[in-house]
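Dropping the structure in here first, questions after.
Labels for the chains are A, B, C and D, by order of writing; each one numbers its residues from 1.
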Amino acid sequence: MNGKRIMAAALAAALLAGTTAAANAQSDIKIGVLLPYSGVFGGLGKDQDAAIEMGFDDFGREVADRGITLVKADTESKPNAGLAAVKKLILRDKVDLVVGIISSGVLAAVRDYVHGSETPLIVTNAGNVDITGERCSPWIVRTSFSNAQIVRDMGPWMAGEGYGTAFLMAFDYAAGHQMMDTFREGFEASGGRIVGEAYPPLGETKDFGPYLAQVKAADPDTVFVFFAGGPAIKFAKEWAAFGMKDEVQLSGAGWLNSALYVKKQGADAVGTLGALNYYPSIDTPENHAWQEKFRAAHGRDGSEFGVAAYDSARLIVSALEATGGNTDDKAAIVKAMHAVEFTGPRGPLRIDPMTNNVIQNIYVAQVEARGDSVAAAIRHTFPAVQDPPNGCTL
Amino acid sequence: MSTTTAHARGHGSTDTPILHAEAITHTFGSLLVTDSVTLELAPGERHGLIGPNGAGKTTLFNIIAGEIVPDSGSVHLGGVDVTRLKPDRRARLGLARSFQHNNLFTDLTVRENLSIAGAIAHRVGHVAWRAFARHREVHASAESLAVALGLEEVLDTVVRHLSYGTQRQLEIALALALDPMILLLDEPTAGMSPEETAAMKAMIAALPASLTLLVIEHDMEVLFDLADRITVLDYGKVLLQGTPREVRDSDVVRSRYLGMQ
Amino acid sequence: MIGRDPLHLPVAAALVIAAGVAWYGGDFFRHEVLAEIAIYAILAMSLDLLVGYAGLVSLGHAAFFAAGAYATAACTVFFGWPVSAATVAAVGCAAALAAVAGVFVIRVSGVFFIMITLALGQMVYAYFFKASEFGKDDGMAGIPRPDLSMIGLDATDPQVFSALTLIAAFGVWALLRTVVGSPFGAMLVAIHRNESRVRALGCPVPRYKLAAFVLAGAIGGFAGSLIAQHSGFVSPDLGFWTVSGEVLIMVIIGGMGSLVGAALGAVVMVLLRHELSHRAFWEAIGLPADLASYWQFVMGLIFIAIVLLAGDGLYGRLLTTWRRLRRS
Amino acid sequence: MLLDPGFLIVQTLNGLQLSMLLFLLSIGLSVVFGMMNFINLAHGTLYMVGAYLALSSVRWFDSYWVALVLAPLGVALIGAVFYAVLLRHMQRQSPMRQVLVTFGLIFVGFDAVRMVWGALPHTIPIPAALDGSVTVFGEIYPTYRLFIIALGVTVLIALHFGLERTRLGAVVRAGVDDRRMVAALGIDVERAFFLVFCLGCWLAGLAGVVSAPVFSIFPGMDMSILILTLIVVVVGGPGSLKGAVVGSFVIGMVDTYGQVLAPELARVTIYALMAAVLLVRPQGLFPVSQAH
């Protein structure tokens, strides 16, 4: 039986690899890249992976004569696998810093371990409010956003634009509720009224039809949603198919009209309003240059996921340069990050020393037809949006 | 119906039937399979049940054993109403049965088969902290039963390697392992060669006289020799109840049943 | 007594020695992996009691894993109980859940049992996913490890904690070995082989199935308590049906109906997961490192190969080979 | 809400549409179980592959209708290869092993799809002829969804007549009732199995194609639908044709209405329903008698 021998060989190799992997050159700075390469967020993981590589290509793979080695680990988009992966990076690969994390579940899972191990972690996507709030850590820095940061100013803005009533809809999970609660607060404070809300189960909703019937019955001025990825595409298409497009303004956290999906929504997305920290149509030289480079390499628009990962690479390299390539004093690296300030594709940004969350512009964009394609055009900018400490005492 | 505690081991007084099935009626869909059948077995009685295929013998058997709850009628065991009790409860009250088709633990050995039955009989099946091997009383009684029934040669043979006749013997041995008051035998000689049939007959005849037997059998000769009384079923109805001689001499039975042999 | 299993002691001894060697020379990461293996081995062995012995193929075993984990989290974080008491409470909670659910689920059998246990698992998952007191889908953090300072040990040290979990796994193996070797274990096997006969012999089958379900659930809860202490964190995905599926795979590839087989399955699965998703592993064997992101593909193929080539699992294969060698 | 007739109409149509999709998926799974006594856990994977093949067909031929023809055939072909390479040789082994092999295929299929088509979600456009909406009893409803309902009904009727009128249908009906009898009649059971298996795969592929324009196409779309399909099969009674129809309808409706009427329980409604059905009828709503 040949199969058996192959299996035995594979097992033996597996055990061997475990013992040899850690023996690597001492002088390199090791950076762990913690992304979902498989599982539901596998696509986003690949997107950020490409942008991180691009970032280190652009800003340097060497600091003070020390090379930078990226060590990648797969979170599988699952909290427990993510925790195992970060332990692997820190214990087995002995990385100096960790960068990555797409899903808030994984971030919540690794938070205590990372905090305890005193390894700097640069979060490139996951937006749990409490990670830069109540459960903030001097070791965890976020370059992407907090869920609240994205939508906080959107409520008052929508109310100011004349939308009196809103229907809220997001998947029934922590991030969904954080977004909706933040929007509601701002919207109601500015005189808006919530006329209904629906929270479909995450991962088990095959069809938004039932909820659209509910929205129709409530007849709001706008429906404010938080959906990303496949569901965002699906929602926009069903929204149009049910004839809601001409009756109710569709708005939401900007993953609804993110660069990653908007072209797949096509004409169905036209008119949709979103708020996000990055849109490809931002009209700055930094963004044009970056988009050009990203398109050349990947044949599609760079997205907010890519930008956050790219800026993270820049932040890391800048901070390491500030410490002269010294990675022994981890606290000094984080401290150096607080001093870094630059204008990236998404505009000016810096790290808030009070919370370790990024301070950045938030853009409101509306999708419009451009030839036979569509794109989100910037309608408004909230400059330098900063989260309140939310119980964080750094 | 007397309510004496006749079900206690040691068999009750002779006037209380140890098994009493009263006016059992059961239908499958629109098919009436058992029509107001009444059976009374005295302690130690050997009772035969005959009838053509589809006469409702096995259904009646399953009703007595508890596999089927009848539409109406009642089953009493040693004076206790067991009509709604599950088969395992009836077994614990002293009612054991064999199956028409061998129903054994085919990939275990004879010893293991008998030990499983023994564990239940000795009420140690729930013991989870002491090794089974150390329950010597269970294994000893399994062995002595095997010896009594001529199975000692094959104690460590896996059941599916046994001959059909031996499996049939084990089928009854499993029931006997419970040390029952009443034993229901469903066609004990079905599919057996003449030699095997003779051996089986001898084995049944040698069972303790105190054991009450209810036997379904196709082989008339087996029943006429074994049974004290016989019930003839026909289309779910009792056609006749009597001694083997009465049954043998009955015109109705001759024309309806024996003639068909 | 029931079923001849001549290799379980040598294989168990081999596993204990392998674990000991791996532990003794291990670094931090090795100890983390060892603890993970030990915990999943406990979970797999408890499931094997149901699947391999009692013939109850459950696709909801993660419910008890999650219940044990969350009970530990609640007792330590909310009530400030010592970890030891929380562990006992976790086992109790999981057993109680198994007892209540068991009354219902054991009424069906075969593929229906698979589906109703799946439903049970998903309902528990849904509960923890929505329970705001337990942090909803983000879960709960800050679960401590047992305080061993009075014997001069620090359980937050992976070396100490992994030793603890390995001892626990060994203890569970010994306990379950006792159970399957007892008359009760024999009855479970008998019920699995021929339920109607056991019933006709006078055995109250549902009670035995329920007892097995509760025992397996309690031990599953114990594994859950350990994983909570191991990670310091609990989240609803501990109870998701794919976890039940993975543990079932461990039992199957290791070999159903032999506790060491289940443990072996846990060893193989956890190691394969770690290595196949590790880019350095693929580089080390001269294949493109990108295969690491398609580890599920490779894992699936390996699983199919094991099912095809060793239908009774690795341990079953070992037994057959050993028997053949002995005969020739 | 329940008193709003518009809501009721739209919701009922939504429920019907989900029911039809579930019917396309569950009928193949159920009949294969009835005849061959094994559950193909990779059925959801076939559905996903159907959607992806539709994506590729649309890219190459720029036509939904070509995809509607090609993709299910492609899935049936994959099913045929799978049957010939693996299942046929496992006929005499325990059904459990076959189930396990299909379980392994879920993982293989998931990553294979990622390798070929990438991990980002995709969609295909609704064909021009079915794009837009129509007014049903005064309510705007997407034309394409009505098409799904119509397609499901068509398949249902076709299957009904196929079963009643054709020789293969007779073998299938007999095979579900009593496999040994069919074999005893000297009918080439093997061939019937093969054809039924391929037909089941074809239907799964068809379900994948028709759902592609409504739902997005992504790796993992197989899992949620697989569980739902299994629930339909179990609730209806595995092997029962009537069960698959009624099960699809019940689950489709309960899921659709449940999500809105009891949103707090949305995640568990279906599971609770299945558990309840099994407690009352341990063999499903329409149990297939296990003939001896």
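To be clear about the criterion, contacts are C-beta pairs under 8 Å (C-beta built on N, C-alpha and C of every residue); 3 or more make two chains touch, one makes a residue touch a chain.
The shown structure was predicted, so the numbers you read here are calculated from the model rather than taken from an experiment.
Asker: Are the chains other than chain A still all joined, and if not, how do they split up?
Answerer: Leaving out chain A in thought, the network of contacts stays intact as one piece.
Asker: So, comparing C-alpha centroids, which chain is the farthest one from chain D?
Answerer: Comparing chain centres, B lies farthest from chain D.
Asker: Any idea which chain sits dead centre by C-alpha averages?
Answerer: Per-chain C-alpha centroids ranked by distance to the global centroid put C first.
Asker: Express in whole angstrom the distance between the two chain centres, defined as the mean CA positions of chain B and chain C.
Answerer: 43
Asker: Could you state the distance in Å from the CA-based centre of chain A to that of chain B?
Answerer: So the centroids are 73 Å from each other.
Asker: Hey, how far is the Cα centre of chain C from the one of chain D, in Å?
Answerer: About 33 Å, centre to centre.
Asker: Mind checking the centre-to-centre distance between chain A and chain D? Centres are C-alpha means, answer in whole Å.
Answerer: Going by mean C-alpha positions, chain A sits 35 Å from chain D.
Asker: Touching two or more other chains, which residues of chain B qualify?
Answerer: None at all.
Asker: Return the residues of chain A touching two or more other chains; collapse runs of consecutive numbers into ranges.
Answerer: Within chain A, the residues that touch at least two other chains are 38, 42, 46, 172, 201.
Asker: Considering chain C alone, which of its residues make contact with at least two other chains?
Answerer: Residues 126, 129-130, 294-296, 308.
Asker: Every pair of chains that touch: which are they?
Answerer: All chain pairs meeting the touch criterion are A-C, A-D, B-C, C-D.
Asker: In the complex formed with chain C, which residues of chain A make contact?
Answerer: These residues of chain A touch chain C: 1, 3-4, 7, 10-11, 13-18, 20-22, 37-38, 42, 46, 71-74, 76, 78-80, 83-85, 87-88, 91-92, 104-105, 108-109, 111-113, 128, 135, 172-174, 177, 201-202.
Asker: Per the contact definition, I'd like the list of chain B residues that touch chain C in the complex.
Answerer: Interface residues on chain B, with respect to chain C: 65, 86-92, 96-97, 99, 103-108, 112, 115-117, 119-121, 124-133, 135, 138, 174-175, 177-178.
Asker: Report the residues of chain A in contact with chain D in the complex, numbered from low to high.
Answerer: Touching chain D from chain A are residues 38-40, 42-43, 45-47, 172, 198-201, 203-207, 209-214, 216-217, 229-231, 233-234, 237-238, 241-243, 260-261, 264-266.
Asker: Under the definition above, what is the set of chain C residues touching chain A in their complex?
Answerer: The touching residues are 27-30, 32-33, 36, 126, 129-130, 135-139, 141-142, 158, 227, 231-233, 235, 237-238, 268, 271-272, 274-281, 284-285, 292-296, 302, 305-306, 308-310, 317.
Asker: Report the residues of chain D in contact with chain A in the complex, numbered from low to high.
Answerer: 1, 4, 6-7, 10-11, 14, 17-18, 111, 114, 118-123, 125-126, 133, 140-142, 144-145, 213-221, 224-225, 228, 256-257, 259-260, 263, 266-267
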